[in-house]
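Provided herewith is a single structure, encoded as structure tokens, for subsequent inquiry.
Letters are used for the chains, namely A, B and C, taken in the order the chains are written, and counting of residues starts over at 1 for each.
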Amino acid sequence: MRAKIVKYYPLIPVYAGYFILFMIGKNLPGMWQLVAMLAFYCAIGQAFNIFLGMTGYVDFGYVAFMGLGTYGMALSIAYFYQVEWLGIGVIVIGLILAIIMASLLSMAVGAVALRLRGAYFAIATIGVNEGFRYLIEGAKIWGGSEGIIFSGQLSQAFGVEKASELSTFWADISVFLIAGIAAFITIYYMRGKIGYALTALREDEDAAKVMGINVTRYKIIAFITSASLAGLVGATAWALKLTYVFPPEAFEIHYSVEFIIVVLLGGAGTLLGPIVGGLIYGLSKYWLAVIVPGFQLLIFAPIIIVIIVAFPEGVIGMLKQRIKGTVLEKFII
Amino acid sequence: MLLKLENITKRFGGLIAVANFSLEINSGESIAVVGPNGSGKTTLYNVISGVYFPEEGRAIFEGKDITHLPPYKRASLGIGRTFQIPRPFSSASVRENVAVGALFGRLSGKVSVDESLEIADRTIELVGLQPHRDKAAGALTPVEKKLMEIARALAMKPRLLLMDEAMAGMHPRDIDGMVRFLKKIKEEENIAVVSMVEHIMRAVAGFAERVVVMHQGAKLCDETTEQALRDPRVVEVYLGRPPEESHA
Amino acid sequence: MIGAQLAGNLTQGLVLGGIYGMATMGLSLIFGVLRVINVGHGAFIMVGAFITLWMFTALGLAPIIAIPIALVVGMALGFIFFYSAMRRLIKAPELTTLLATFAIGILLEELIKLVFGSEFRGYNWAVGKITLPITVFPMSKIYAFIGSVAIALLLYFWFKKTRAGTAVRSVVEDSEGARVCGVNVGWVYALSFAIGIGLTTASGVLLTMFIPVGINPYMGGGYTLKAFVIAVLGGLTSPYGAFFGGLIFGLIENGSYTLFALIPGVEAFAMTRFLSFVILLLILLIKPTGLLGAK
């Protein structure tokens, strides 16, 4: 029994980190905005890491899962806001729809793309992302290219004050919660049979098959998990907060790239990596926008190139090498 | 009868890599598959482990037709394999690498992660890699990687172990130790070990009871080691004709 | 009536497709040799567009002159980026190379924005037009098409007849085998990357000859996506495949637009794009080596 609990020790720095972040945001004036953004990147980073980090497959269309999650929440609010007895259930339905829609898409993508390797997989995910977006716009589904604006419906369903609370405080808290859940799932996978399978297939997929690993099965499990969590983030951090959904934004590939950077910066496949990556990336983005507005990308781009070339294993990846043989090994993975 | 190959033919485009090959292996046998580069040994291994499916012929393992079974399913039946150039999961520790074998091999679904780690510990001790147990696999020396490769395959608790040039590049002293080790586990675990070697002299190192010589994709001969060493066909494949018969 | 319009659009599509195809040849060449997908592909097209714009508006030179200039500038950029970054990433996993090329693209976009600003610009190279029974072509478009075909042919001969070209082809087939035969694989990587980028930049010139408006630092993104579809159509590793893939793409793009426009309640432009990605996925599923690919 004790051995079982020791396995989860690495969650301690994770949750401690989130707690500190939350406290900073709550107690220091004016910091909540920044903290919410950082939590967002950490959460989506943790979610993405379950697939990108643990399998090594690059999903350029990852944002589509967030987009679908956003649509899930939007549709629930836009269609059920008048049903009195549902109350907060509208939001719950939105969350459930988000998970269902995101996982359905991931299963569809998985069926098509997961049999492809490397670059072919990456291109296929772009194909699904863009294809889905243009289908929505072209066939005028769910509001077509104009998207859905549901701030009015939200206010009608909950009253202006409560709606505003939902959009701000509760949406942001949810992001923290999702981050926590994602972290737990990550370590549960890492310590379990699935973690061994994913590490093996990431390192050498053909050798993994010969060792008895059904690589397709494990890839799909990681993919659906990662997609569902992304859907939840989309439903809260995007839908609830912004109260609109707009196809070009919901499927914008630049977001996928941001999330890839977060995972890579911190250390792909590690538990703490996405948090470190989210914090570094979020803070850099924020400060660069303040210090050198208009030039952030110009400075960021070469830095990214340098980091990719010189430090492919990320911050936590490098840290893990240094702390081998020390007590910290139990906590930093 | 552990493994039966019936008239296996494997083609790549116009090239025939394995031609009409048949073989029977029983539990606990130790066999050397011998042949120069290009004789089809690797392809044969790939057909047995499921990396390739043959165009013709059948493969039957413990009564089950495995000809078109995907590789990961063959592992749970009890077919284990090492690669000539070791393929470690570099970022994972030696212990974790070997545990993969235990977790997904013949005992797949019947052992927990912790039990697999225990099996890994025992197997690592068996091959003598104890001091490196927690090192990243990528940091091992080539010889250590070979040992880990074997340990990982053994942790799968195979009934049939396909070893690919396991002793290439080893010091003769190490080879003796390896041979003793293989004999021991073979007897203790009742594994049939098929060892693939390029030159027949390695098979002679007391390990193989039976030798199968391959030449250009076909089976040249299948006999005991002593017989094979004296077989003129085998000598010809490796040394050419005796001097008095060659043209001036 | 519809038939004439369709025929006209298809012809336009074929011509534009030739240019798209030529624009994608660089992408396929780089992937074929280095197994790297240049996600910053569109940014290099944009650079070519700006070279044309600047040479026309600042120096009064016809775009045709810009073609070789852009080729040279592109190759220079290719060598610079290869030796500073890409060389270290040859054996790296896809994640790193995809991100690296993406970051290079962003860097180019921001640099151009710094120098030229982010407004949309264009130019007007009036050299008359050709009137066919089914459609009208400004001469600039015809020149662009001729230019594309010429470059494609040049590349074909370079591959087949020169030592360097043969060396490149051998590396695409089997880099280890080529190395054993004495080919300086490192140099082949650098040269291929440089030529690939050069081709891409030159194609930017040709594209503006066809569409001389909407030139801005961020114009590349859409072209990158189109290039992916075309490259997959023609087989990701084959530059010739890319050219023919482009022709087919041009036909499909314009043809489907004409047909979608007839359906009420549907946004034709978006549906055309949707179709192109469906085709991408189908090909990846059924024949990843492309419609025209070999093994």
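The criterion applied here is as follows: contacts are C-beta pairs under 8 Å (C-beta built on N, C-alpha and C of every residue); 3 or more make two chains touch, one makes a residue touch a chain.
This one's a predicted model, so the numbers in the text were calculated from it and none came from an experiment.
Centrality annotation: A (chain centre taken as mean Cα position, compared with the mean over all protein Cα atoms).
Chain pairs A-C and A-B differ in how many C-beta pairs they share in contact, with the greater number at A-C.
Taking each chain's centre as the average of its CA atoms, chain B and chain C sit 48 Å apart.
Here the CA centre of chain A is 33 Å from the CA centre of chain C. Between chain A and chain B the centroid-to-centroid distance comes to 44 Å (mean Cα coordinates, whole Å). Of all the residues in chain A, the ones that touch chain B in their complex are 3, 191-193, 196-197, 199-200, 203-204, 206-215, 269. On the side of chain B, the complex with chain A involves touching residues 49-51, 70-76, 81, 83, 87-92, 96, 99-101, 103-105, 108, 113-114, 152, 156.
Contact residues on chain A toward chain C in their complex (touch as defined above): 52, 56, 58, 60, 112-113, 116, 118-120, 122-124, 126-128, 130-131, 134-135, 137-140, 144-145, 253, 257, 260-261, 264, 268, 295, 297-298, 300-302, 304-305, 308-309, 312.
On the side of chain C, the complex with chain A involves touching residues 31, 35-37, 85, 88-89, 92-96, 98-100, 102-104, 106-107, 109-111, 114, 221, 225, 228-229, 232, 236, 260, 265-274, 277-278, 280-281, 284-285, 288.
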